[in-house]
Each structure stands twice: as structure tokens, then as C-alpha cells.
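Next up, some structures in C-alpha cells.
Next, two complexes with chain A in common: one pairs it with chain B, the other with chain C.
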Partner chain A sequence: MSGIARRRFLTGAAALAGGATVVACAAPERESRVQSFVHSPEQTLPGQELWFATACAHSTGGNSVVVRTVDGRAKKVEGTKGFPVNLGKTNVRGQAGVQSLYNPDRLKTPLRRRGTRGEGRFEAIGWPEALDLLTEEFGSAGNPLVVTGPMSGTRLRVLAQFLANSEGRHLVYEAQDTATLREAARLVFGYTRLPHFDIANAGAVLSFGADFLGTWLSPVHYSTAYGKFREEPKRGHLIQIESHMSLTGANADRWVYVNPGHEGALALSIAQVIAAENLTGDDRWFDPVNAVGGIDALNAYSPELTAERTGVAPDTVREIAREFAGHPPALAIAGGAALAQTNGLDNAVAALLLNRIVGGTGAAGGVRPNPAAPAAVPATAAGTPFGQWGALSTGLLDGSETVDAAFFYDVDPVYGLPASTRFADALGEMSFVVGMGTFLNETLARADLVLPATHPFEEWGDFVADPAPDMEVVGYQQPVVTSWTNARSFGDVMLALTSELFPDAPPPWTTMRDAVRDGAQALIGQDGFDRGWIELLRTGGRWLEGEGREAQSDQPDWHIGLLAEPAFAGDTTEFDLHLIPFENVAFGAGTESANPWLQATPDPLTTVTWTTWAELNPVTAERLGVKRNDVVHIDTPDGTLRARVYEAPVVPPDVVAVPIGQGREFGSRWNVDRGANVMQTLAAQAVAGSGALAWGATRARVRPAGEHDRLPTLEVIEDPRNDGEAPPVRITSG
Partner chain B sequence: MLDSFRALLPRLSPKQLIVISGLGAVLGGGAIAPVILLIVLGAMGGTITGPPEQPIAFDHAVHAGKAGIACEFCHRGIPVVENTATALGAPVSAAATIPSVEQCMFCHSVVATESPEVQKIRAAWETGTPIEWVRVHRLPDHVDFVHDPHIRALAETHPSFTTAQICATCHGDVASMTEVEQVRALNMGDCQGCHRENSAPLDCAVCHK
Partner chain C sequence: MASATDTAELPVVAAAATLPTDDPHPETDGHRWGMVIDADKCTGCQACVVACQSENNLALNEENRVIERRAKTWIRIERYWEGEWPNAKARFLPVLCQHCGNAPCETVCPVWATYHNPDGLNVQVYNRCIGTRFCANACPYSVRYFNFWEPEWPSPMDRQLNPDVTVRTKGIVEKCTFCIHRINRTKRQADRDGRPVADGEVEPACVQACPTTALVFGDLNDSDSKVSELSHSKRAFTLLEPLGTAPAITYLKKVDPSHVDEHEEHGH
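Entry: the complex of A and B
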């Protein structure tokens, strides 16, 4: 070190370090500036909070939330007190709403395709140009197609204006369809609307695959109901029967594994025990049993005769039947993979039939009919079953069907339909495709024009709760903040398009707000409307008990002889495991995966975050020569996917369970190129009778990829490969 | 940049500054140079450095002094106190708040329209541009200061005080200042001293939330 003494060098280094520390700690220059408003916003004082009630339109079931805003920014989400669906509660999806709202990767401006379809190359354009293009293409289209997610209320009325004028078609794409459950409720009870499953007041709940605490229908409502159900001294009894342990299964008093597709047979076995042992104490089981084939037909499903099929020991079936019937009022529900079989409708019917057998219909703690939606605010439009999507795809590809212009709003069928449906190719056959959403997705990336949609916290709307919570509920949605993007709401775009295309028969409203107010006026009447309108917005909506409930049919419209054997895609010798996909508790079927909080939310059972994993029984894993964190290929007859192994003793040995929701090419920086999309690998099979996708009816084989990649989990478990890395999160107390 | 340091660093009184600088000089040696640098910068935070230059030469002596406009007429986030212990006027904000351009224009659409400074306000109003004022008083982010309880407490302990006198307790006689400047250290020692004198709570979590 020539020319510089050691002491002098150290002095200089220390001074530099000190200076650097000071610079690094300094507050940004902008913090010594303070801007004044140009106009003083009404009601707004800097730093003072304001709460607005609005709808959490992305939630399942229809929740109302209150959003805390400070200085015009949404800060926190809570449940709206008193709103009958979510009863003042929210779930992780509701809480994470602000991270979708302010997500930097949101679509911010209209985009026109530059590259080929699916390439995802776009140029930004303005709204006037986008609306001109939209008007031009839809003006010349003969048979426009509009595809949306499940939708109710004024949005449907606004859309109806467009469809009536343009003679267009409306298809409803449900990421997880409810068609099978709806059809089963119709067959068993004669209900056209989803009934209210009164878990709160039940004495026993027997659930066939319905993860009502995590993902089934209206999980926030059912979670609150579950709290009441478990209250002492009654403390309801929960039995969960499924082929992959869910969050609800983990909370059950008894968890029973059933061979996939045989849930219906098991339900009939339970019914047979109830009848044979007269567990109801009277003969109330007689009429419903007689209506579906009689005791002789039911005797063919005695526990001994079904044990081999269902994999449930006869004694266990008897215990379940006694526990179920012995804790009145007893409630049987069905959902999840039990319904996603080729015989899923029969499984659902057989499960719901138990309610009629124990007499638990109509009364508290049973299956209760819901009132019809008010005429002014239409109920949720029925979902388009998978079979029709397959037919549309085939028709487009073989040229027997043409679509001149298609409008996709807030849906992603390219992601959610099995690759064997070839929907992505079919989309290429449509002459002009418009996609609208808050984030780019696999469907929007293939569109010619992409429109940025407002977040639910930025728009007007209303909805009818589905399933209704034992009363008619209409929820209202108001913008709680002004959009920071150049987005518009679906309703406003539809109204603009309709009035532009059909000037002779323009819609009666110019904005979505007008349309929502108009619906509200029809709902609550003209007298004192201004006050009533404020009250609707303040409380989150309107609910009425009692009136106009659907009548229950005299007897179930089904026969035991109809119960079919399940059919699986894939040969049992080549594909030795059942592939059971399951919905992610945080972001469902992948609709909310662009949200980083939801990505980082641990799966409640495995604590895995951020990726796709494959749950395998340790016995199966050992047979395959894989351990936790090993990468495997999961092959099905229609595709393959990569996932990391998570060994779990609660997964049956013949099952590989994979969460739905990852593996996107387009979205935000948080969900692109992360994990794999299990839906793409499924066989294109439909549920007989309902036409829904039988997403639990594909077989698979697992083969090691010879790689090892640590799963990001919250729990601390020694890595069996002992690679010396520290786990990502260490629990340091408790 | 120096403004930012001042806001962040521990503040010292001039006396403390002299003592510590003296000690530093005696001990000497480059090895403690960064320490001395930090101390000096810290001391600067506590010393009164004069009024900053503002984008518009707003004169408090004219508005609050000569014209006698009450503090809370423009700073609308603070509660109104009318010579009694009863604080009126809700809602109140944690911050006193800077008036909006619109509020300046209440009067200046007709008053002193020819003044070059007022024309700057008019330009901001017409173009919809917020005015970027330079902060005179800034507490660090780890301090949760709310005006409301302080004003109410002073109104209770000094029933004869007007709002302007209450404000002057910390901000000095703003009504006589052509350019507003900081008159008190407003550091932790200053806050604690006043809290002790007035039997206000001294728990850490009262301010550091």
C-alpha cells in the first residue's frame, strides 16, 4: 500500500462508511415538500379515514365488505356488519383485495394486438380508438358471443339490452362449475335455486367432499355457521368423506377416505343402514326410499355389498349412519371431487337424498329452500356446462360453427378448460376477439383487443347472493376509490357499445350508476328513494326474510337404479393413481393468482406457498422412490405436468392430489411461470346428466424427474435430502 | 439534502453541540471523524436554521397578523377553540393541513389580484397544479403526533388562551412572521419537557406507535 499509511487509509474508510450510512438513512427529498390540494375534496381531510360499503364481487357466494379509505386510497378491507352472507367477516381473498386493486401489473389502458394471437404482443391505444374498433367489429358481426363469469343483477340487465338488439349469445363460464349441485338439488328437492344448507343449526353434518370451510359455495358464510354449529353444549358432529383431505376434513370429528367416484354408493349404504336399523326412530325414511326404488333396491347397497367398491369397512359405514342419524337435525351436503366424476350427479343426488331420508328438509338445521330473486335484480345466470364448451370448440375447429365477434369478460376458459378441448385453437377461429379484465390472462392474451376493467372497488354494481343465506339478499357495490388506471367497468362499456350500435333502440341508462339506481328504485320504491338509496349503499344492500320460498317437490325425481359406476380416463395398469385436483383456499381456481398476498398465503394443510405441489402418501412415495421436495412428472392420458412432492399421510395411497391455480403464461409478475396448470392435463370428460367437467375422473402416473427443489413452506420439517439449507421460515416460539 | 438529515437525526441544543464538538476536537484524530460528522449534522437538526424558501412568498404577518385571520380558518384540520376548554368543530385531522389552492382563491379572486405572488396562485388554480410548499415543521415517521389532543389539553390548562395563543406554544408567534420558521427544537427532549411540565403521559407508546 504505497504512499498511504494504514491509519490514514482506515480513517478515510471509516469516514466514507459514516457518510454512506448518513446518505442511506436520509429521508427522501420529497418528504420535505408538502403539496396542497387544488380543490378541497368533499368529506376528505388529510389523514382522516372514511369507510365505504361495497361488494367483494370476486368472492364466492357474494360478500359485502367495508373498505377503509384514507386520502382517496383504499387501505383495509373488513366484512360489512349485519350483511347476512358474510356476517361482518371476510376471508383471505377479501383482505387481499387491495393488493389486486393497486397491483402494478394491472391492465391500465386498452391494448391492440400487434403480434400473432397468443404471442401477447400489444400496443397501447386510447379508449376512443378502442370503442371505434369495438363498434366497427360488433356492428358487422352477425352472431356476437359474450362470455362472462357467473353474473347477476344489473350487469345482466345491461347485457340483456345488448343481446336483445344484437341477437347475440351469452355463455357463462364458471371456473368451478356448480351445474351438478344445482341439478342434484332440482332432482332431490325440486329447487331451481341453490338451497340454504343450514350448517349453523345442524346437529350432524355429513359432507361428501364439500370443503365448506375453504372453497365450497360460500365459505365465509359457512365458516361462521360452523362456529355456531360447534358451540357448546350442542357441539355438532362433523363427518367428512372425501378422497383428498381438505381444510374441512382436517376439522372433522371423523374423516373417511372413499374410493373416488363411489361416494354415491357409500351414501346409499348409509341410507340402507338408517332404514334397516330404523335410526330415525319412526318411518319418515320410508316414503323417500320408496320413491327412489324401495327398500329392496336399497338393500343392494348394504355396507357389506359396497365395501369393496367404496373402500369403507361395513362397521365404519354403520358408525357413520348412527352418528349422522343420532344427532338431529342431520344435514348431508356434497361438493368437490365427489361431484366431478362421470357419475358425479348420481353421487350428489344420493348424498342429498340422505336429507330427505332423515327428514332434514325445510326445517332449521336442514336443507332450506331459498326465496326467488326480485324481478328488478335478476338472479345469477346459469353456468354453461363443460359439454357446451367442448361442442363450441369442436364446431369452430371443424367449420360447422362460426363466431364473428366474441367478448370475453373476466373469464379465462383457455386456462381452465382441459387442453384436449383445444379451446385455444378454437379461439383462433373466431374472427374478432375482445378480452376485458383487470389482468392479462391466457384468454385475453389471444384477443385482438384487450380492455382494462375496473377493480370491484372502483365500479358500480349489484348482485343477488347465490346461494342465498335463507333469505333474499341483494348486495350493492359502489366505487370506494377513483381508478388509478385508465380502466372502465364492463357495464359502462356495454352501455356505450349498445347505444353506439343501436341508436334507434338505445338502452334506458347512460351509465352503470344510472342502471343500478334504476334497479334499486324498482326494488325499494319511489317514495323516499334518495334516503333509501343512501341506506342501501351504507348497509351494503337489502335483505328480506320469508317471502316467496320455492316449494319442495313431493318426492325425489331419481331412481337408485340410475347410480352409475364411475368411468376414468386412463388405463389402470398404465396410470395407477387417481389425479385429484383441488381448489386453492387462497386464490381458488387461479382467478386471483396475480395477487402476491394470496400467492404467499400458506395452504392450510401443507403450508406450501407460491408453487404447485403433488401430495403423495408416504407409502406411494417410497414405492416411486421419491421424497419431499423431489420434482416429479405427473402424466395423464392427455398431458403432463411438473410438481414437487409433498408427502402427506392423509392422502390415500392410490391418489396424487394437485392444487389448481398456478402455471400461467400471462398475468402479473407474481403468477407467471410459477408451478403448473393441472386443468390442462385433464381428460375432456363430462358429468353425465349435468354436463359439468368431470375434473376428478382422470388417472395419472407419477415418475421422478431426478431433480430436487425445496418447497417454500411455513412449517419446519427436516429436508430428507439434508441439503443443508435452512428452511425459508423458522418458527421460533410456541 | 441537509433538510432531510435534520429531520432524521437526534437533535441537540446549541450548548450540547458546543460540548460535544469540543470533546471531539480535544480527542481529535480522523478515526472519529464520521462520529463527529454525525454529531454535527444531528446538532444542525436541533439548531434553528432560518426559514426555508417557499415557492410563493406567503406572508403570515399580513394574513394572521394584520388581517387577523384565525389560524383554523386556513388550517382546517385543527379543532376550533373559543376561549373555553370546549373544543369545537369536527371532524379534525391529525395534521393541521395546508389550505387548498381553492381556499386561497376564496379571497384572492378579488383581493390583491395584481400582486405577482397572488398571480402565481391564480396560475396554479387555472392549471390545476398543486403548490409544492416546503415543510417548516416535520416530525420523524416514528413519531405519531396528532394535533387534536394537544390543542384540547392546552385549551383546558389555559382557559384564557385564544387558538392563536395555543398554536404559538409550539409554533411561535406566527402572526408576526413574514416567513414562517421553526422556533422550538421539537425534538424528543422538547416534547418530554413539555409533557413533564403539564403532567402529560411519558410512556414510549404514547408517541411511538
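Entry: the complex of A and C
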């Protein structure tokens, strides 16, 4: 197009609203396709990038990100600079957010079930029909049930409107529940909120199973803290104690194997050395030790007396105690498989107790109470412990409980709960089930009505960081692109449903945007709100020193005599190995496995991609007669799964470790029929005192399947069974 | 065997200007971009890997591509086992194009598709590459990747493609560019503002993402830059140093507290 023709065309388009036809008639067809700047969306100029702050799609812990958009399309995710949770950084899941956004296998339109439940056969319907069906079923339901993932902020307020009118109940499904850690924090410190673990300023961190660099609570926040922790010249000292080497364990200065379920005994043994050798240099250890039973009770856990059950040599225990207490401020944390034992709460309490013993509470580098969430933006709703899911399932199956209508949003308990809980069968007893999400999953496939949910980059919202980073943090979420699907946000659907069902008591907002703005107004006040609102969206949220920090309790609410022995499902003679499931760094407990970037991201330790593997010590593998790439059956008292062997020298000889996250029947082309779901094989045991799932308390045996299948790994190692018939590179075309 | 007389008569096979010089970093008025990777801070979390794929339009690494050893990641985290149970350890090392001062890949390219630019970058000209793969074979770090297939992104995944970065076709070699598009954008902005590029202003995608700040990028010609300072650390080393490739990437050794005395003794 010549400059004159182009200018004339644009001028005509600008001057004549609706006059494009006139201009187009006067111009060649090719020129008429030029986009008129007049009709560009607000702020958008062709080819010019725009960055929007919003909530991170897939990181846990409450991260804020900025998304680069060009011509209305999301291109790149980066952390929001200055946002105190992630300080401008992201993790692998955050970076992959755009690929979930544009995943072609997303749910695109409402679906109504055609086949039997679980068959996965649906027909596409429109939103009006879907909302009619939703209104009809929930209007006649006596006790509606809403199940969501961890949720805070305006979504909770919107949901509360529905629950208050319908007298329904809300259950929170956590893929890896935090009930044990929360209860331990309450018992040791008296805190009802998750505290701030100040890794950045610690001199020594002693972690019992908490993979804080990979998957635990808020890994991006803790990774930024770890960067500071490792700064020279002070360089903090990291000790990791666990039964399977995690990413954090791989980065530790000292990594120690402990027999599963005996982490609490080891923690008390370390405490005994600190007291016996007076490693704190004063008597600060006396009061907390006295409060939980006294030095005599603690002496029953001297290194020599615990060595057999913990598997840790007495000299090693002493070295740990000296390194821990010798690098103040010292911080002890607990998580992962250490807490997923039948005695996991005791393990957690004993580990966190070390903070009181070395006096590392309240100050920098220790455990600090977090401020309360602001009243205008509700804090994260507490998760529903595993025990309650088991009770719901049992009640539905024996008829003692009924659910007329259930709404599952962005969760997949059918996938994540052990098969022995029979939650899939229990779902079949519910009269009407609605599932809402961005992808089909094992739970949504059993729904009567499936609703496509917007991606986090397509919707309004806000959140309260949990755990908070030692300050009050509210993050804001705004749509950065227009959805390419026919999806709607959970909040908007809930508002529509509430308005339709309860016209006499409608919610005070008609859209999520209104509701979020309303919450923001309550947060920052009426004066200058328009300017403040823009600032909230620009910076990603608001953070303050915060108020309402809880005072530490006078003494721990626990006694050494309460420390229980762990119990395992499976006889030791029949099931000779501990089965340790672990979260995948790339896609956690399987919630993001539909994303091909995350599928292709190598597991940091094994470099395996795309499938499920069984980690074995080479000595164990030799005893079992298997080698790398051999297919094995892993039997537990409650199920069997298939996986390929990966031999690693860091795997304990009496452990088989299997990553969580694969083995889906429903999802996207990238995660269906791939690997196995280890959660289904676990025994339905709960942690005493917290009710969480004891997912580390199942024993297993490994049997060769007589098959061989090359693992997709980044590392190049000669296949031990490659006899030339299966060359590593195939002749391919395309 | 050829005699000394025969050798003298052999034809010249490469222009002298493309051969390694004694000084891999000749003085220039401009920038010399470099990176420092602190192995003591790198956790192996893979955030840099996906950040690079997202920024630079890398094709999907399907399972077969991984099995066939044809997966492409311009930056990869290598994991090394040390020792045997129960004293085994895992170590991580991010490896990407080292942007060598004496780059073995540059001298073997028959069509000058790869060359050294004035900013010290080892640059690949995609539309000049004819796919001999000589450069990939010559690279001692295995960081050059040949495109065996046309890249595909099932619609609408193609909406995510970065318009600042070329999508490479089948039949050519590609590799890390130090996010040259970000460097150029920053330089243009600094020029417009009439000021020098500030230290830390340019961040390749991997550096930007790294949550522990194990990766630091900057101008090695600026003696005050963070990257210059860190590259003189006592823990500094370069990969395959005896080869004399003069990499623009300096690694900092992981600190092992159990060997502090030995390190101090040897001055590492």
C-alpha cells in the first residue's frame, strides 16, 4: 500500500463511523484488510507490548506475575518486581502459564453428560442452557456441597453469599494438605496461621523433609530467600533430613537419611544433644524442654538410644546438633513425607520444637508469627483434612449421608485420594454433580454438567498470600487477555447462580470485577480510590507491615511422652520396601500435567521427563534383578502400578520412590494414558491428631514385569539392555 | 604421509581473520557481555529452562524427541552424581552456549553463519546456515542444536510465540543468543535516552527468572559491573578451561563446608 493510499484509508475510517464499507469499496480488496487503529482495544497499539500484573497461574504460595502481551496475546510471564512473596521471580510452573492458557485441549464450552458417569461422553451446550440446568438442580437441592481448592479473597466472599442463602457447605480439597503443619504450629507456638520461616536471615536451616526449594508451601518465596541465605560471607548452613532425597536435599550441605516415621525421634535426639552439651551457651533450652517433659524424658532420646530406630549414627546426630546450634540464628522446619506418617503430627511438633529450644522464635532468622489478613479480603479457607473426605465417602456409600447437588471447582479428589477411599463410587451417589475447570479431569469426567473455567490470566480476582512473607500481602488479579474459549470465571458463575436462585437476597455485585473493586475499596478507602485502584493493579497488590500478629504461647502444648511409633500399611515380610511418593517439581501433584512444557521439564535429580519412574538404589535393583529402563510392578496392600526403573545412588536401599502426577485418563493429549497414578495405590491412613492423609505410610514390593522400555531422560547413559535391536534413534520422517 | 614440502603447498582453507587470535577478547569501545553462574546458589529448579523456551520460541520436546536425544533446550541443567550410598550427592550445573572468545564453532562454519559480533557474542545467522552441523560437532559444550523437524505449535499455542524472536526452520542449527533481542532493545532505549546501559539493565530470560539469583549477566568491559566483580571470585572457573575457548561464562564453585580447610589451603 502506498503511503498516500494508506493514510487516505485510515483517515476515512476515522472520520466515518461505520463508513468502512464506503472506504473499502474505493480501495483494493487487499488494502481493505488493514486493521483500523480506531477500533483497536483500549491501550492496544499493533506491535507494541503491554505488561499487566496479575496472579501467577500455577505457583503455590501466592505469587504475582507480570504478563507481556502483544496485540492482545500473552507472550511471556515474569515475576512482579517488588511483590514481597516472589520478589520479581517465578518458578517453572509460573513460566509455563502461557502454555496452559493457549492449550488447545482446554474445555471450551459447557458440556452435558451423555454416557454413564465416568465414561467421559458429553455433548456441547450453550451457557444459557447450562445455567438453566444449574439453577434447576441447585434450586431443588436441600444441602448443596461446593468443593474448591485453597481459596481466599473475593472468591470466598462471593461463595459465602451462595452458601449463606442455600445453607450449603464448603469443603476445601488440598492436593497435599497442610493440616498437619498448621496443627503443629498451633501446638508448638500457639499460632493459628502458618508462620513465616525466615530462611533468608537464618544462619542454619534444619529441614525435616520440607522440600522448600521444590514444592513445599511457597517455593518461589523460599528460593529467593535461599539465594540470600547463601550470600557470602555469612553463607548459611543447610541440613536436610529425609527418607528420599528431594531437590532441597540435593542442595544441602549435609543430607541425612532417616528411617520413615522416625523424624520426631531424631529431632528429640538432636534436642537432647543441644541440652546435654549446652550448645546454646545459656539455659534458653531449659524452659521449653521442661515444658514438654523435662530433661529426664529427653534423655530417653539420646543419640545412642535412638540410633537403631532412626538409622542415624550417634556421632552424626551430635554433628547435626552442633552445626545447627553453632550457626545462629537457627531455624528448624518440617514438611513432606516426615509429616505424612501416622505419627506425622508428632514428627512436626518435635521438629518445630527445636526452634523454641534454640530460642529462634520471633526474631530475624527464626519462626515469626504472620499478621492477620485484612478484614476486607478473607484469608485462605482451611483445607479439609483427608479424614473428612474418607468420612464423606463412607457416608455416601452406606446411605447415611446424601448430597443432592455438588459443585466441584478446580479440584480433582477422584485422582488425588487413594482408591481405597472409593471416592469415585461415592461421587456416583450424589444426585447431581457439576464440575468446573480449565481441563477435563478424573472428577469432572464423572460430572453431569461440565463448565469451562477461565484461565487465571483471563479473570478478575484477589488473594491473600498464605503463608504470608512476614507481612500482610493482598495480591490482585486482572484479565490480561480476552479468553479464546467460551469460558467463564467461577466467581461470575456463582454470582449468576446466587442471583437467579435467591432473587430476594441477591449478592451486592453482578460481576467479579465489581466484587473485587468493592473489596479493594474497603481495603484502601474511598478517598482517591480510582487512583488507588489503578495502583493496585499496576503493582500487583498491596503489602503492609500488618497487624494482629499472634503472641507466642507461653509453652508448647505437647509432651515428649506423646511421640508415637509410626504404623505402616503392609507387612514387612511381604512388602519389603517403603513407598515414598513425592511431588514433581514441574507439575506438583499432577494439577499441571496437561502442559507439555512441564511434561518435558526434566526432573532435576533423575532428568526423567514425560512418564512415571520408580527410583531404586542400585543395590536394591540388583537384588530384585532389574536394571534401568526395566518395567516393574509396584504392589501395595491396596493396589498396583507399573513404572520404569531409574537407579540412583542417592535412593535409600529400603525405599522405592515414585513421583506423583501422571496416570490420567482425562485431560489433554499431553497427559492422558501416560505413566501411573501412585496416589491410587496408597492405603487410606490418616495422620493422628490432624486427619491429613498419611501418604508416606504405605509399604510396597517391586516385581519385574519382564519388559523393557527406554526412559525419556535428559542425561545420556548407555541403556544396560540395549542389544542393538532397539537403537536409541529411530528412523523418522517429517 | 605428506612431506614438509607437500605441506607448504597445501591450499589455504580458511581466512586468517576467522582463526583464533592470541587475544580472545580484543579491546573494544563497546560491550562484552558475559555471565556468572554461581553453582552454590543454583538449585537445579529448571525455571531458567522453561523461561528460555518461552522467550525464544523453542519447539515442544515431545517424548520421542527426548528418547532420540534430539530434544532442544538452549540452557539445560546437568546433574552429576558424586559418590555412592550413603555418601552420594547430586550436583547441578546449568550449561548454555558459552559465547567463547575462541569459539571452535566459528572457525568450522563454511558459510560464516556463525561469527563473533562486536559485543563478544557468538552469533548464529539462521538464514545463512546450510545445516552442515560442523559447528555442533566442534562445540565441546554440546550446546548447538540441529533442527531435524519443522517446529509445530498446535493452534492456538502459536499465539504465545515471541514476535521478537525468529522461529527457526528445519535444517539449521540454533542455540542460545544471550537473548540478543533484549540486549538490542535495551541498547536502543539507552541510545534514545542519551545514557549508557546501566549494570543489570539487560537480563536474559534465564537470568530474569532465576529465583535464587544464581545467574548474573552484564558487561565484562565494565569493571564496576556485578558480573566483572563476581568473575574475579576465588571460586571462579570456566568449563573445559584447558581447551582455551575463553568462554564468556564464568562459574563459581559450589561451597562444600566439609572441605573448607582444603579450599583455603589451595586458595580456591
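Remarks
The working rule: the second predicted complex is superposed on the first by the 682 of 734 C-alpha atoms of A that agree within 3 Å, B and C clash if a C-alpha of one lies under 4 Å from a C-alpha of the other, contacts with A are read in each partner's own complex, and residues count from 1 in each chain.
Going forward, a contact is a pair of C-beta atoms (placed from the backbone, for glycine too) under 8 Å apart; a residue touches a chain by one contact, two chains touch by 3 or more.
Source: prediction; values computed, not measured.
Of the two partner chains placed by superposition, only chain C is touched by A:Thr611; chain B is not. Taking chain A as the reference, the larger set of touched residues comes from C, when chain B and chain C are compared.
Once the two complexes are overlaid on the shared chain, A:Ala600 sits against chain C while remaining clear of chain B.
Touch criterion met: A:Gln48 reaches chain B, while chain C stays clear of it.
Of the two partner chains, chain C is the only one touched by A:Val650; chain B is not.
Once chain A of one complex is fitted onto chain A of the other, the partner contacts of A:Val98 are limited to chain C, with no touch recorded for chain B.
For the contact definition in use here, the residues of chain A common to its chain B contact set and its chain C contact set are 47.
Contact residues of chain A toward chain B in the complex are 7-8, 10-12, 14-15, 17-19, 21-22, 25-29, 31-40, 45-48.
Taken in their complex, chain B has these residues touching chain A: 1, 3-5, 7-8, 29-31, 33-35, 37-38, 41, 76-77, 91-95, 97-103, 124-125, 128-135, 138, 141. If you check the complex, the residues on chain C that touch chain A are 38, 40-41, 43-47, 49-51, 53-55, 60-64, 66-71, 73, 76-79, 81, 83-86, 88-90, 92, 148-150, 154-163, 205, 208-214, 255-258. Listing the residues of chain A that touch chain C in their complex gives 47, 70, 73-79, 86, 88-92, 94-96, 98-99, 101-104, 213-214, 219-220, 223-224, 226-227, 230, 235, 237, 245, 247-248, 250-251, 253, 255, 257, 484, 585-586, 596-602, 604-605, 607, 609-611, 617-619, 648-653, 710, 712-716, 728-730, 732, 734.
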